[in-house]
Amino acid sequence: MVENRPWLGVLTHATLILGVAFLCFPVWMALVASTHPGEALSRSPIPLWFGDQGWENYAQLLTEGSPAVGGVDLSTMLLNSFIMAIGITVGKIAISLISAFAIVYFRFPFRMLFFWLIFITLMLPVEVRILPTYDVVASLGMLNSYSGLIIPLIASATATFLFRQFFLTIPDELVEAARIDRAGPIRFFWDILLPLSKTNIAALFIILFIYGWNQYLWPFLITTDQDLYTIVMGIQRMVNVGEGLPIWHLTMGTAILAMVPPVLVVLAMQRLFVKGLVESEK
Amino acid sequence: MTFRVLAAATAVSVIAVAAHAQDRTEIQFWHAMGGQLGEQTDAFATDFNALQDQCTVTSIYQGDYTDTMTSAIAAFRAGEQPHIVQVFEVGTATMMSAADNGAVYPVYELMADQGTDFDESSYLPGVISYYSDTEGNLLSLPFNSSTPVMWINVTALEENGLEIPTTWDEVVEAARVLKDAGFTSPFGQGWQSWTMIENYSAWHDLPIGTMENGFAGTQTELLINNEHVVNHIQRLADMAEEGLYAYGGRQGDSRPQFVNGEAAMWINSSAYYGGFVADIQDFEFTQAPMPYDPAVRSEPQNSIIGGATLWVLRGHDDAEYACTAQFLEYLSQTEVQADWAQSTGYVPITLAAADLMEERGFFTDNPGTDVAVAQLTLNEPTSNSRGLRFGNFVQIRDVINEELEAVWAGDKTAEEAMNAAVERGNELLRRFEAAN
Amino acid sequence: MEKRVFFRNWWLPYLLVAPQVVITLVFFIWPAYQALEMSFFIEDAFGFSRNFVGFENFTRLFSDPGYLRSFWTTLVFGLTVTFLSMSMALALAVAANRVVRSATTYRTFLIWPYAVAPALAGVLWFFMMNPSLGIVAYMLESIWGYDWNHYINGNQALMMVIIAAAWKQISYNFLFFLAGLQSIPKSMIEAAAIDGASPTRRFWTIVFPLLSPTTFFLLVVNLVYAFFDTFAIIHATTSGGPADATSILVYRVYSTGFVGQDYGSSAAQSVVLMALVIGLTFVQFRYIERRVQY
């Protein structure tokens, strides 16, 4: 930096360490709680260091689940979350790529109408139109199905805009060259546009995977069949046990398992993640 | 525990009959029993499946009472309804209007259509009257019924030379002694609308609403801002001020107060019994009758039930209803009922089950477990103590919760809060009338 | 901005936009229209009868003190979450921008909560703050003698969901602030330092104004987040209580419709919320438009 002031250096590191501590502490507590037997967590103060029940707790969660909430095993829930997240991600990217391609590379009647129609989705988050959307999905017979979990969520204005912005930066000469080669639009899309978009797709993939994985209200509403529960919504069942008490060691174990996949994705692909985040929002 | 053994035994037999699984008729049973109660409820289904080879009952936990009812209604609108759904007592009016519209298959009708032998008179009268139509036909099958009792930390009371209080004045006195002895909040309660308003009223033979608490029609209005209820709520507010009582949240959220020994007198459902037996080791506990106010009524009347019943929804085929009837019949068996009541603390809902428990010596071996039944049958129910049947009562309870919480927080006096609760509650009643 | 060169084909573009447009129409536009229509009716729980009531659902809504209180709660919630998470993120970003060594390590530890679902963030803090056994409640009690019970105290419950919501959003804000800071030319700051401006002064007179586009962008994004995406935090922990202290508008739409089975009122609330989102999106979009012209 510009000049050297020791106290500023100390302050800087202190701020960062405090920040890291604030962000990590809840997860630390959850991780610790998930390694204790249930009785250790029935009264205050609760332990701050690991117990010896970790394997048992996680093994129980993954194979038989928590009996208090109908005993759905978390392996099933994790699998469902994974299918939903991948379905949403691939779906969003696929339909956004082709619609952005159409809007940028073609001139056709109602082009702007379509553009605005897609734009409107930004203004209608699922939370504000829950009931009628539920009714539509119900009348299409899509309750309790993967298609019901995935398809209503794959429209994406953000992804469409991102690809549109990106396509606009691709030099027109490439299209001209393609035309000279007598390559049709599909060939152009497949051989030129798609390879050029690789990084963008990868970056977006991370953001959308997290988005899909973390869905809560939608799976909560449309799944009444335990075999289709996803893990993020499944935790609500564990917290609200009605008359009983939450079984904290298993609940926290579930929380940890539910956050591991998306957090790993972020950490493993940090650079792409940052790019995806900053570009998809700007 | 007999349930564990049964469940283990049936798990084996389920595997044995799995080969025939495809010819079995499947029916869905949605329930709201979490925790230990949920395990036992699921065990009923497993056990039933093992006993015969035509039907498979799939028992699914759908969250708490509100979530379960909500999911079932949403599913009905979508044509994906379960065969059987467990609905708590305050949802009764909504379900009854649904029965008028043909969404619900009344239990008496189902049993008659399926030729199942079903004797309504074998149930406790107080339980039956809550769930019957005006002609006395049973619309839903009582499954888990409880009533509020006062849970007592016997060790704490004995150590401080206290008798179990029977009146509210004695409760306050005892709380003062316990407070001095170091209890942070000697008195506690849960499910406050049910225990502190609905049951307080029934216990003192006070009307909760007009038209016989709604049993006589829908043009009903709440009456819970009467001076006795207001005084009672104000007393609790004063106790809170003095540090004798701490509000611990809606429903069963205040349970840790009793389990952790912060509260030594805790009024809530008798159905905490099973959980308490498992969770409380440090002290001795028992159930005592709810305290009463001699100034309001010289003797207590009777308490009203809470809990839930099983409703059958229409829209399925006959073979499935045959299985539904079989399963309901299985659940009403004396043995099943007695086992369920013994392990959970719910009241035995048939007279035969109560007799069987008596015969087994359960009440004598576990003092206090007979309090719930004794309270329910203390006197012939009056029109004030039969129960209540108000539309939109799920929301009205929320309104009452909100208003009471305002009292506990010191934002409103008891009178202001109860007046507001009546006004807002009446509006919801009018809206229910308009929608149905 | 438009392409000057394009393909000609009369059917292919329609085929390409079709999936997106069909999904939008079926799952967005149609339900939105349904909500609008439903807001003029009242309906019984099972959907047997339906009566037209005109604007009654709306007039009732705006004369309901509970609903008006929800507006206020939502505002307090949204502004506090936004302020807390943005200010903490800004402090962290400024600090992270200063360190040279271990910068990536810090960054790694600061960005991961982005991936945590709001519902889980809520549950984590719900556990930490549980009055009977939460570590935070325990520390408050034993160190300051402060009695924490969010089951009773509405303000505390609101504080709990605010902290959970802000906690989850810090990473996001941090990344954008850091990107913004890194794009400020070093030469400008050095020039100011030579003029003798202190680090604090430099920050407020040069850095912060230059960050204003980022700040404004984040302001809108955070408000939208706090108004809509936090549903899960509320639903999984407080369920709007105690005494509707944490019933933000988006939670009320759900609880009125699904829990209370008052479909007309829920639809009317949807319509009000849609108007709100359209307003916010409009602000955001105008801002984006302006940026595109830079």
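Residue numbering begins at 1 within each chain, and the chains themselves are lettered A, B and C in the order written.
To be clear about the criterion, contacts are C-beta pairs under 8 Å (C-beta built on N, C-alpha and C of every residue); 3 or more make two chains touch, one makes a residue touch a chain.
The structure presented is a predicted model; accordingly, all values stated were derived computationally and were not measured.
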State the pair with the higher C-beta contact count; candidates are A-B and A-C.
A-C
Among the chains, which one keeps its Cα centre farthest from the Cα centre of chain C?
B
How big is the gap, in whole Å, between where the Cα atoms of chain A centre and where those of chain B centre?
40
For the pair chain A and chain C, the C-alpha centroid-to-centroid distance in angstrom is 16
Of all residues in chain C, the ones touching two or more other chains
132-133, 258
Multi-partner residues in chain A (2 or more other chains touched) are 42-43, 135, 221, 236, 240
So which stretches of chain B touch two or more other chains?
74, 77, 256, 260
Going by the contact rule at the top, pick out the chain A residues touching chain B in the complex.
42-43, 67-71, 134-135, 138-139, 143-144, 221, 224-226, 236-237, 240-245, 247
Once bound in the complex, which stretches of chain C touch chain B?
42-49, 51, 66, 132-133, 149, 151-154, 241-244, 258-262
Interface residues, chain A side, partner chain C - complex
1-3, 5, 8-9, 11-13, 15-16, 19-20, 22-27, 29-30, 33, 41-46, 48, 94-96, 98-99, 101-108, 111, 114, 117-118, 120-125, 127-133, 135-137, 140, 151-152, 154-156, 160, 168, 172, 175-176, 179, 184-186, 188, 210, 213-214, 216-217, 220-221, 232-233, 235-236, 239-240, 248, 251-252, 255, 258-259, 262-263, 265-267, 270, 273-274, 277-278, 281-282
Partner chain C, residues of chain B touching it in the complex:
66, 70, 73-74, 76-77, 94, 97-98, 101, 103, 246-250, 253-254, 256-257, 260, 392, 394-395, 398, 401-403, 405-406, 408-409, 431, 434-436
In the complex formed with chain A, which residues of chain B make contact?
30, 32-39, 42, 60-65, 67, 71, 74-75, 77-80, 82, 251-252, 255-256, 259-260, 269, 271-272, 275, 279
